[in-house]
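Okay, handing you the structure first.
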Amino acid sequence: MAFAMILFPFAMAATAAAVPSNRLRPWLLPLTAVFFSAATVFVLMRPALMTTSPWLILDPPGRIVLLAISTLFLFCSFYTVGYLQYRKERSNRVFCACMLGFLGVMSIVVWSHHLGLMWVAIEGTTLVMAPLIYFNRTPRSIEATWKYLMIGSVGIALALLGTLFLAYASVQAGLESTLAFEDVLQNASLLSKPWLHAAFILLLVGYGTKMGLAPMHTWKPEVYGEVPGVVGAIFAGGVTSCAFLAVLRIYQICLAAGEQAYMSRMLLLMGLFSMTVAGLFMVNQRDFKRTLAYSSVEHMGILVLGLGIGGPALFGTLLHILTNGLTKGVLFLSSGNIHRAYDSKSTDVVRGAMRRLPLSGTLFLAGFLAITGSPPFGPFVSEFTILNGAFDAGRFWTAGLFLFLLLVIFIGMGKTVLAVVQGSAPAQVGQTPYRDGLLTAAPIVLLMGLVLLLGLLIPAPLNTMLHDAVSYLEGRP
Amino acid sequence: MTDTLIHVVLLITLPPLLPGVINKTKAWFAGRKGPSVLQLYYDLIKLMRKGMVISTTTTWIFIAGPIVTLAAVLLAGMLMPISGFKAPIAFAGDLILFAYLFGLARFFTTAAAMDTGSPFEGMGAAREVTFACLSEPALFFAFLVMAKLSGSLMLTCMLHTPAGGFSSAMVAPLILVSIGLFVVLLAESCRIPVDDPNTHLELTMIHEVMVLDHSGPLFGIILYSASMKLFVLGTILLHIVLPLQAETMWMNWPLFIVEIIGLAIVIGIVESIMARLRMCHIPGLLIAAMLFCGFGFILLMRYSQ
Amino acid sequence: MTDLLNAVLVIILVMNLFALGTSRIRAVIRTVSVQGILLGVAALLVHQHLTIPVALMIVVAIVIKGLLIPSIMMRALRDAQIKREIEPLIGFLPSIILGALATAFAMLIAGQLPLASQHYGTLLVPTSVATVIVGFIFLVSRYKAISQVIGYLILENGIFIFSLLLIEAMPVIVEMGVMLDLFVGIFVICIIINHINQAFSSMDTRKLVSLKE
Amino acid sequence: MQPMGCRSLTDNLDNIYMLSVQMILVAIVVLSLSGLPGCLCSSRSMAGQRIAVFLMVLASLTGLGGIAVWLKQAAVSALSVPWFLPWGQFSVTVDAISIVFLVPVFVVPMLGAIYGLRYWRQSEHPENGRSLVIFYGLLAGAMALVVVAHDAVLFLIAWEMMAIAAFFASTAEHDYPDVCRAGWIYLIATHIGTLCLIAMFALWRHETGSFALASAQGVSTKFAGTLFVLSFIGFGFKAGVMPLHVWLPGAHANAPSHVSAVMSGVMLKMGVYGIVRMTALLPVTADWWGGAVLTVGAVTGVAGIAYAIGQNDIKRMLAYSSIENIGIIMIGLGLALLGRSHSRPIWVLLGLGGALLHVWNHSLFKSLLFFNAGAIIHACHTRNIDRMGGLAKQMPLLMLLFVIGAAAICALPPLNGFASEWLIYSGLFDALGLDGTAGFPAAAIAAVPLAMIGALAVACFVKMFGAVFLGAPRREMANHHGTLPAGMILPMAALALGCIGVGLFPMMTTTVLDNASKTWASLPGQTASIASAAPLKWITLMGLVLVAFIGLIAFALKKHTQTRIISKAGTWDCGYARPTARIQYTGSSFGQMLVRLFAFILWPKTARPTTGRLFPELAQFKSMVPDAILDRVVTPLFGVLGTYLPMLRVLQRGQTHLYVLYILVIVIILLIFSGIGV
């Protein structure tokens, strides 16, 4: 099954590269996405299929990430078709191929149960995303690509070093050295502590760079500012989730090694720091796409914070992967539409979006409310669970700080978002022909619906998945 | 029953006497002969005979003003006991109604003044409501003191002297309170030093300027209810200052009449020996009154601990 | 055996400093390529008994690190027609000193980290850490895009040195993957450099600051 | 207030006890969704709005029916079904406290919707009419859900839905910068409040072990105090307690009038409800709770009404007077809390009873006045009362309704405001310890600020009344709608009747209030009812007597003057030759003395012209009373942060090599942080 799910997207990517018609090619994405999602559901319902080889296992956390990303990708793929219809002027060959390529690489990340393989795959995501950033071919997009590649590569290099340290931790402990996840997990408790600590730090920083934790987040605002909305959505909901999955694996190993206290310090530090940075940089932010970038930084921080709190907060953290991913989809896709309609990202020009684009504007506002954790949307459920976890873990100060930072971020982000959606558009705005179409609006509406649904009830199967994942992470059978 | 009857009769007939007495006193001080003590009665009768001139700007509020005022003051008079006797209407908490009836009167008087659209009457109305904001708290401090002393929320019981007279400890608070109340009385019934009823410069007046446009029977009603207000508040004050009790019950009536006339004379004396304060100093005076009552209350609390 | 290995490693360290010191980019690229080849040699030295896959991997490493990547970079350099690094953020001499300090610091760190019995006496760990740090110094201090890539390459070399410690631990396929990723990565970066060169008619990264707060 | 067990939905469908809950739930659902059918109709037609109003009326009547059914058996009725969230249940409870707050929720929005049918015709506001209708309905439904929610999470969800719906409804005209600013401030304020509540409920669960809002008398004193403070801040923001009121005047002033009416008349009370509910659940042992609430209430009341006098925007005046009334309610609540901690049932009865009755009364007369203000603005096309005047001539009926509302809000007998304040007064006086017991005299002092509030309220509303209706028109009122449509009059008339009814017959409300205070606190020997604690029948009697007196005198005067000549003439101009309408006393000049008197809290801004030289050119004097907290503390603070925080951006100047440096630095820091003995 794993091979099917990995190879199918690559095959489709190859086809996309081969198909000559610029008009038909985009439709390969929805096609692939539908089959892929179907396969996802199929796998999730049959535990038997989840183990293909010792290296390719779909473990519970992997399932959640797979579900999150394939759902997001499904909606994004339809949106992409609509989006590319507005970009007839240039060939979308590379674009489509890379989108599909990402799907394949992502499914390697999710399936891989070998730290080395996982590293390779995650580096792979870096590489397939680069051409997508470069889609617009403007000097700005070149710059963005350059920064993304340099910072991303350095980060990933550190992750590799960390992986090697981890391997050496077992060698030094006199064990048969390996990177196969199960084996590492088996004798985690025997690993040599100094190497393990060093490895943890390097891996946290390395994969944290891909997640976009502060202060390794620097590429995020530059990149998210330049990419098309749909690519931004894939970044914020997909790539980051993959990287977080990697962090989860490390977390699991250190947990098994009984290093919880040590980890928590680091994770809480990184999490709160990321939220702080995000909040501070949102203040008086004029570029609404950069605002979204910082919001993504913030939510990576929340995920890491949740891990740091651990135990009672894990459920919420894992749920947050899903809710954050979907909500980010809403925000980026709708902001993409707004950007297209005004042909600007600056709140000096972009005003009165709710009048100009009633649907996208409203969805953007709703997405803002959702992402800042207002009930009754999904992120509220996950963040509230994390908060309760913090209380149960007796970390009152962390909880207080967490709430305070949420407030700062709400104020910072709200100012920009309201400036965008409210009021009436200034006269001198260039009249772009863009109007919300079925393909560019419907996917967002459905995503929003999902986000709302997750805020009102968590389906029983998902609930069990999450609980499995938590017990798996904590090493309980 | 007869007591109630007498109460009502006094309430209706006696008030116009007081301004007469006051004016007589002032005239005596000024070495003039002065108008008869019954002057206000004559005036009222004359006014009632007259017709009315009503401003074209006004609405029914203009007419409602005096009427509501009179009704409110009348009801207040029913709530207030006279010397030892039980008030015609008495229930726990009537003191609050008593205070708010004057509020009702103020609302409609000032509204009627605004109704004419005359700048001077608006000025008067503004002053009236402003000073009330300071005299009301003083009044309520006094109420608190009386309520604590008597352990009751019924004006009749509150103002009724306890059997053994007041303990010496209570004297100091009572003096403070009665000074405060006296100022409130002067302010509410628009006497010097707060207001000068018989000045002729609109800019300096409070109450008189509000009724510039009322004429004939309406003006009569206004004068009448003003004197009745003076009467009612004066009676309240008397209960605190001179809690005298005649040995036989019926003797209390003449005693009371003497007391109230005495009060009128005192007011007259004050008016003759004092000048009107400048408008900007009046708040100070009223705040002082409030502080007097407040200190009285605090002292009382000290003792009762 | 170990002495020989250490000798090679010392040479690598010296090359780091040389790379830091020189302003001629061409020379730096050559240094790096030689470094790549030396890494292969070191791998051979670490390995007493050679297996086919390991040998294969070593060959791949030499080919990629020693020949392919340098040639790509040389071409990029040719297209850009530049010879020297402009005066970097940290001057050449200071960066040599920094590099030296970094090496010393690396020795310190490595002392802290316990080694497996079979690795006593090797300079592998300090060398790799030092090389990584030197890579960082390159990345931070140089302005030309190409030099930053070189820095990244040096960083990768450092990591490769460490991977020699557990060459049998890493399955060949993974090593291959790593190599491939590295190669593709550098390849893509060079393409981008090319585009930068066309768009900004220079490789000066100080021109790449239009995206900022 | 233990719910009668938690049964599942199916097996209590047949239970008569559940009928009321089910009716109320139906009402909630219909109210919340009332606006949606309109989406199918054209946004320029009235159809959508008509359907919505019809649904709202239907739903509200159902809800009121549910209340009636409940009152028959007056037992706590609970309904709970399992719910697929990580926590607990979808459980609602209707008890006496909920009932008290449900009544305004079902009455005012319904009337407001009818009023809006004429006041905010969708056909005339195609750009925002539809969304306004949708969110108006959602607001009403959410408020009802807040009141019955028995699970913290459900409560939070309902609470936020309410807040968000109110935000959208009040920023309907977001083309105007003022509206946007007001909405933004409101959004921040309400979000801070919500975060406090989130923290509070998380702590609550941590202490009680569940999200159920069930009585938690076992909570340790320390945590009880923390919970109380958190909830008081969180709900205080919504209720508009000083100094958390900053959002209130702007939001009320800039919302459409019927939305302002609902926000001020009902939504503020949700904050009160929250405080009442939490204090009901928590063990009230320390008397600093009551003391704090009482003090805050007194300050809020006096400052609120003082600010109201300083304004010249009619809706801002009304908004500040809402703050004042919240203050009065808080005074009553504080007394009740003291009664809890000193276990004095009588204070609980009078304090809480008065507070809750005032909740009703305020929702009656304040929405009446906001509707009225809407009609006035409709006629004058301005909110500045200094430009109005003489409206009485055009709209006598409107004036009559205004007089009733104003007199009621000034707590003048015989109207409803007096009844509730009278209860609170009685309680405060009782705190003196009249029956020789110790009492709590410090609390009794609150009677003095309360009296001051009364006097100031008279000043405030005489000012408004005079400036708007009386005198001569200050400028020819552009295109008057001379007569008001019945659709706008009827809701006001209904509310006015309510004011009179409650004012004359307050004892009709006592059973509900008694129930509520029993639910709130069960103290030893708490058998007495409000009616027995305070002779309400006398209020009725006095009211009637007063009306009779007025009638008699008026009648006598009429009879007496029939034979007399009544001539009409202009207002006497005191000898001034050419009086114009512009020389009338404006609202600002009317309030000026008081503003100067209270300058120490109001900090009025005045711009004096300097006419020193000879032949001075035209000069004008300006004076205004901005909100001290908002305009002198909050806004400057945010301004400073807004200017200095962005300076951090130097860290993100786009140089890639620095970004790489950050990575190196954080690695080193973490190594050190982890104790680099590794």
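In order of appearance the chains are A, B, C and D, and numbering begins at 1 in each one.
By our rule, contacts are C-beta pairs under 8 Å (C-beta built on N, C-alpha and C of every residue); 3 or more make two chains touch, one makes a residue touch a chain.
Everything quoted here is computed from the prediction, not taken from an experiment.
Undergrad: With contacts counted as defined, which of the two, A-C or B-D, has more C-beta pairs across the interface?
TA: B-D
Undergrad: Looking at CA centres, what chain is most distant from subunit D?
TA: Here the answer is chain C, farthest from subunit D.
Undergrad: Distance from the CA centroid of subunit A to that of subunit B, rounded to the nearest Å?
TA: 78
Undergrad: Roughly how far is subunit B from subunit C, going centre to centre by Cα mean, in whole Å?
TA: Between these chains, centre-to-centre, one finds 100 Å.
Undergrad: Could you grab the centroid distance between subunit A and subunit C? Build each centroid from C-alpha atoms only and quote it in angstrom.
TA: 31
Undergrad: What is the distance, in whole Å, between the centres of subunit B and subunit D, each centre taken as the mean of its C-alpha atoms?
TA: Roughly 36 Å, centre to centre.
Undergrad: By the touch rule stated above, which residues of subunit C touch at least two different other chains?
TA: Residue numbers touching two or more other chains: 112-113, 139, 148, 205, 208, 210-213.
Undergrad: If a residue has to touch 2 or more other chains to count, which residues of subunit B qualify?
TA: Nothing qualifies.
Undergrad: Please set out, as single numbers or ranges, the residues of subunit D touching at least two other chains.
TA: Residues 646, 649, 652, 654, 656, 660, 677-678 of subunit D touch two or more partner chains.
Undergrad: Going by the touch rule stated at the top, which chains touch which?
TA: Touching chain pairs, listed by label, are A-C, A-D, B-D, C-D.
Undergrad: Residues of subunit C touching subunit A in their complex?
TA: Touch list, subunit C to subunit A: 112-117, 132, 139, 145, 148, 152, 155-156, 158-159, 162-163, 165-166, 168-171, 174, 177-178, 180-181, 184-185, 188-189, 192-193, 195-196, 199-200, 205, 208, 210-213.
Undergrad: Once bound in the complex, which stretches of subunit A touch subunit C?
TA: Residue positions touching the partner: 114, 116-117, 119-120, 123-124, 126-127, 130, 134, 139-140, 142-147, 149-150, 153-154, 157, 160-161, 164-165, 167-168, 170-172, 174, 177-179, 192, 194-195, 198, 221-222, 225-226, 281, 290.
Undergrad: Mind pulling up the subunit C residues that touch subunit D in the complex?
TA: That would be residues 89, 109, 112-113, 136, 139-143, 148, 205-206, 208-213 of subunit C.
Undergrad: Quick one: which bits of subunit A touch subunit D in the complex? Just the residue numbers, please.
TA: Result: residues 146-147, 150-151, 154-155, 158, 193-195, 197-198, 201-202, 204-205, 209, 215-216, 218-219, 221-222, 262, 265-266, 269, 280-281, 283-284, 315-316, 319, 352, 354-355, 369, 372, 374-376, 380-381, 384-385, 387-388, 390-392, 399-400, 403, 406-407, 410-411, 414-415, 418, 422-424, 455-460, 463 of subunit A touch subunit D.
Undergrad: Okay, in this complex, where on subunit B does subunit D touch?
TA: Those residues of subunit B that touch subunit D are 48, 50-59, 61, 63-64, 67-68, 70-72, 74-75, 89, 91-94, 96-97, 99-101, 103-104, 106-107, 110-111, 114-123, 125-127, 129-130, 132-133, 136-137, 139-141, 143-144, 147-148, 151-153, 202, 212-213, 216-218, 221, 283, 294, 297, 301, 304.
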